[in-house]
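Have a look at the structure that comes next, please.
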Amino acid sequence: MTTGVEFLPCIVAFCCVHSAYQAADAAGRMRIPYPENIIMVHIPCAGRVDTLHILRAFENGADGVVILACHEGACHHILGNIRAKERVERANALLREIGVDGRRVEMRTCAPNDGSRFARVCHELEEKIKELGPSPLRKHA
Amino acid sequence: MIIAERKPLEDIKQMIAQYKKILLVGCGTCVTVCWAGGEKEVGILASQLRLAFRRDGGELETLEATVERQCEKEMVEELKDKIQQVEAVLSLGCGAGVQTIADRFEETPVYPALNTKFVGMPEREGLWIENCGACGDCFLDRTGGICPIVRCAKGLLNGPCGGTNKGKCEVDPEKDCAWTLIYRRLEKQGRLDLMRKYYPPRNFQAVVRPGKIEAQRV
Amino acid sequence: MDEVKIGVFICNCGDTISKSVDLLDIRARLEKLADVALVSIGHDLCSPQAQQAIRKDIIDNGINRVVIAACSPQLYGDALANLVEKAGLNRHLLSVANIREQCSWVHPDKDKATKKAMVQIRMAVDKVRLQDVVEQAEVEVYKDVLVIGGGIVGMEVAIELSNLNLRTTLIEKEANLGGRLKQFAALYPLQVTPEEMLTSRLKQVTGSENIDALTSAGLKDLSGEVGNFTAKIRKGNEEISRNFGAIILATGYETLFLDKVYGFELGDNIITQSQLEGMLKSPGEIKKIPQSVGFVFDICDEHSRISTPSTLRNALVIKERFGSEVYVLCRNLQVDGAGLEKLYQDVRNKGVIFFKFERFPKVLRENGKINIQVEDLSMAREQVMLSCDLLVVEEKVVPHQDFATLESMLNIGLGPRDFYQEDNVHLYPTSSTKSGIFFAGNCHQDLDLGRALTDASNAASEAYQLISSGKMRVEVERVVVDPDKCALCLTCLRFCPHDAIRIDYEKKTAHILDLACQGCGICAAVCPAKAIKFKDWSDDQILAELEVV
Amino acid sequence: MVNKSVLVLGGGIAGVASSLRLAVNGFKVYLVEREPTIGGAALFFCCKATEACNQCSVCLVPEKIAEVKAQPQISLLTNSQVAEISGQVGDFSVRLIQRPRFVDPEKCTACGVCAELCPSQPNKAIYLPSPQALPYAYAIDKNNCLHFNGVECNICSQECPFGAIDFDRSPEKIELSVDAIIIATGFDVFNAKEKGCLGYGRYTNVLTGLDLERKFSTQGSITLPSSGKAPQNVAFIQCVGSRDVHIGNGYCSQICCKYAMRFAKLLQYQHPETKITIFYMDLQTAGKGFGEFYQQCKETIRFVRGIPVEISEISPDELEVKYEDFIEGKVAKEIFDLVILSVGITPRKDSSNIARILGINLGEWGFFDTQDHLDSTETNVEGIFVAGTCHGPKDIPESIAHGAQAASKVIQTLAARGI
């Protein structure tokens, strides 16, 4: 980048305790580094995340939001991850209405024992948000 | 139940563009049930508006409240304190709710955030279907409890029209033909003779607006 | 409410965390936060001495909310909750920030790691500040089990439960117990005959005081929840009402011949596996001993565990009993069951000839014979014409017709191919989506006999584990509905994956069943009136956590 | 609380399932594991999910292990082996030998300081057996450790912040008295070198399914061992060591078709352009939801009936696979850059030893035999049960189910005898 100050995106990750939270632990135990600017909010199931939570994360200054859920077909509550996906889609639509790139919200999956995938997903998310640049929804200084 | 749906954000934004601080009011009855104007939707819309203003370089302050029934004067009374703090009100109630707030707080502009669509019922979670036209002269006794006035695309009282195609409507093949449904229902009840009867057209112009009903004293 | 006093206890894990996280800086910043009454850094919080000290600190300082910043709660979460409880606080008034696995171990840059650890601990502080108390209680439950279906699996379930000293009501819609086992001609690769197996099981069922077997009976209605179901059972004209702690479904499967799909119709010399089994069972029905018999399966991508064993079994019976020529035609032999490969080899050694096809063979009827034209892949794609007196075809394995009724009565879901849906296929293979209802055998997936018996044993012991003590521990009102806000919209009811929500029409509110609730929070997320509060993950808490962004 | 105790021999997923079922019902369980961590073979397997879960069930292992940790009724005896057993149901005497770990799992917090400082090369002598290990503590590999190989090295024991390391430990004898015994000693993976014609161990780019598990679980992806590039044309060869009476394994291993297809899908998920061929005898596609998965696999994976007879290396990146093409009726040759041998399950090499100590029978192929074919867990010795793959091939969910079944039978047997 030419701007001098490197953009450090702030990403809120809602992490299901049945998968992503444990995967993050696994990544830790394997000492696989990943970006530290990913704020992990842990939740009992991806289905607990409300569209409102996603919007509020942006209000508070997040550049991107991700729900890290169990793989399709592996949810402990059968459809929690599918519900989360629906809400991500709604949040996408609400952001697009505002004129913001819907790609700032997404859902990704990982298994509880897959630390390397967790770290990889975090890197990919950071890269993506870096590409999109700072959120236009951040509070004005 | 009254089914409503949120207006496009652009419309809402334009209505409240000149304000810095508004109150969003939800209603705890019909529009909560149809996911359009309960406390949850108030929160989401408030958040989305704040973000939208910020996106455009401005800032919007919001207050939120949800009353039990917006169409009751007494119930909107509790908004008094909050309304004094804001420049305008955005109602997430049906049209009746908007008007009740507007009547009670005449000095404050009240805007509708919803479009009130129809009287209907849930088919499954998140899907509502219109099944009553509130026409004022119920016809359901003759049709096995299926209203042809709203559920037939042509509103026929003497159906089906001849365009029925395998039980689907010729106007919208996605929809069931109301008169096929009526036939099946009456057949089950052994009342097909009702289908033979001719019903003269209804004069909707004779309906007095606004409607008014006064119940007998209890 | 009393003044909130939060104590933050940070673990240095033997001075290793401070290598990558500036704990002193964090302590200084935490001490400035509202409601934080105490911040302490320990060498290793998992040691008994340190835990003693924490307990003392909590009591001495009047701490009423605890944050522990240490390793993953997966490791010591329970121990820490116990610690908090021993200090006289509710175990839910604790929040753990994972600054080891999820911070110091993965972020080598000290400044950045310190920043992240601070964020993590602040989130925990903000969360615990708003945490409500959740009490635990013990609830009495019925120790009786209802087993629906009196086939071999249902009997096995009842016998095992009886051995475990639980009383069982076994209901079977037919007049006799035994189900499909009654039709089998042999049970290869098992050495036992179906008659022996059936007799031994019947003896155990009838000989047990713990088992009440009701034949010609069916379930009429079910209400209640885990631990306390009330079932109305219809037997003849009688109606019996009984209470159960758990229910096990062992309703088995049906088979169906799909002529449209298979492209030919049944007849005198084209019969199904079950018809063949009937014939082998009552030899009088066989008018003429077939000189040659063909078996065909894999007709419609069934991937069934049932076709291969039944074909091998019946092929062997025919070979042994009549000495006929036997051909078996299929795409793939499903030999992934105990002893099946061996059985296949034995059957082959006995002279049964196998053809594996890529394309479905042509079946032609001619002069009372069935001619099958098949490509023999082992002979370089040569077309072979097989002439048979009898052709035995596979049937499709389908759920029972009455599945749908039971499903709606019990309010449990159907999964792929309309079999019952398990809660989480690999996690709880015998549990339904609804707490206290279990599946055994072929009603939820197709299993060979050995697997079905293992499944039966498992379902029985799951039920035993759940209710045998006569009590269940439960978290009381972990998820609550505010009756003032509830609009009775039924949204939660429709979304709950575990059927744990009822409408209380007297109180005009939705009501969460504590025993059945599994704590996913989906209801709290979907409630349009925001009437549902999940005390461990409330909206306020999640939004407060998001404030740190 | 029940005043009964059970010895579970083997801390793999089946043994863990047995232990949990017993412990929850109030039994005292001694879970004996030869390795320094419980979890068994599947602990080192990888998740095979793409976007969807493909139900390999590997993630159940850490989940179940976490339950063991929370269960005070289970005593873990790792690094331990059975030396002698006597007695009968209701009163077995067991003598175990516990090899020293040299790290006290009660004190170790797995902070990792020791491994950071350990000077052993190339592999650290002090290591965490697995990220999900239980006990969650480091262990010392005596063969690698300088201290045990004539060097004055005490770095780890000096630097451990918790004083958890003690080199002066010697093997301990443990005497137990138990009411029943469950054997869940698991399996060995077929040694692919026994099929010399397939070139395993000779050709760098011939790997086994087990190698794939290891690589994916540590690296998250796979590259060609020869060049480090992503594989482009991969062959899976099924039934290596299974359904083969000539080598004494006349049974289907039951897991290989499934793992091969899952790996194939995973490879294509990571690199959609990868070409994959699976050579098979019969595809084992039964199991809930697996038929549907196979249908999806057919869209992008080539299935060829027939097991190749020979592989030769043309160059490190080119393996020529010779197979009988049934469709064309001739011998065909094709070049792949990576060949995966889908090795199956075999009985453990020490199973005859265990059978001798316990006095139980071995079945035809060397797995532990059960007494009555109606009950797949009871051995010929009353009070001794088998669980999991030591009884015959099983996948993870089936091993769990079988483990729980064995536990249930223990409870029933002891109840029936009034013990």
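Lettered A, B, C and D in written order, each chain numbered from 1.
The rule is simple: a contact is a pair of C-beta atoms (placed from the backbone, for glycine too) under 8 Å apart; a residue touches a chain by one contact, two chains touch by 3 or more.
All of these numbers come straight from a predicted model, not from anything done at the bench.
Asker: Considering only C-beta pairs in contact, identify the chain pair with the most of them.
Answerer: Summing C-beta contacts for every pairing gives the maximum at C-D.
Asker: From the centre of chain C, which other chain's Cα mean sits the farthest off?
Answerer: Between chain C and the rest, the longest centre separation is with B.
Asker: CA centre of chain A versus CA centre of chain B: separation in Å?
Answerer: Whole-Å distance between the two chain centres: 36.
Asker: What is the distance in Å between the mean C-alpha positions of chain A and chain C?
Answerer: Each chain's C-alpha centroid was found; their separation is 30 Å.
Asker: So what's the Cα centroid distance for chain B and chain C, whole Å?
Answerer: 42
Asker: Which residue numbers or ranges of chain C touch two or more of the other chains?
Answerer: 74, 100, 105, 425-427, 495
Asker: Two or more other chains in contact with one residue: find those residues in chain B.
Answerer: Expected reply: 40, 43.
Asker: Send over the residues of chain A in touch with two or more other chains.
Answerer: In chain A, the residues touching two or more other chains are 22, 29, 31, 50, 52, 56, 73-74.
Asker: Pull out all the chain pairs that touch, please.
Answerer: A-B, A-C, A-D, B-C, C-D
Asker: For chain B, which residues count as touching chain A in their complex?
Answerer: It comes out as residues 8-10, 40, 43-44, 47-48, 50-52, 54-55, 57, 59.
Asker: State the interface residues of chain B toward chain C in the complex, per the touch definition above.
Answerer: It comes out as residues 28-29, 32-33, 35, 38-41, 43, 66, 122, 124-125.
Asker: Which bits of chain C are touching chain B when the two form their complex?
Answerer: The contact residues of chain C facing chain B are 485, 487-491, 494-495, 527-531.
Asker: In their complex, what parts of chain C are in touch with chain D?
Answerer: Chain C residues touching chain D: 13-16, 43-44, 46, 71, 74-75, 78, 100, 105, 160, 163-165, 190-192, 197, 200, 301-305, 332-342, 345, 356, 358, 377-381, 415-416, 419, 422, 425-427, 429, 444-446, 450-451, 453-455, 457-458, 460-462, 464-465, 468.
Asker: With touch defined as at the start, can you tell me which chain A residues reach chain B in the complex?
Answerer: 50-52, 55-56, 58-59, 94-95, 97-100, 136-140
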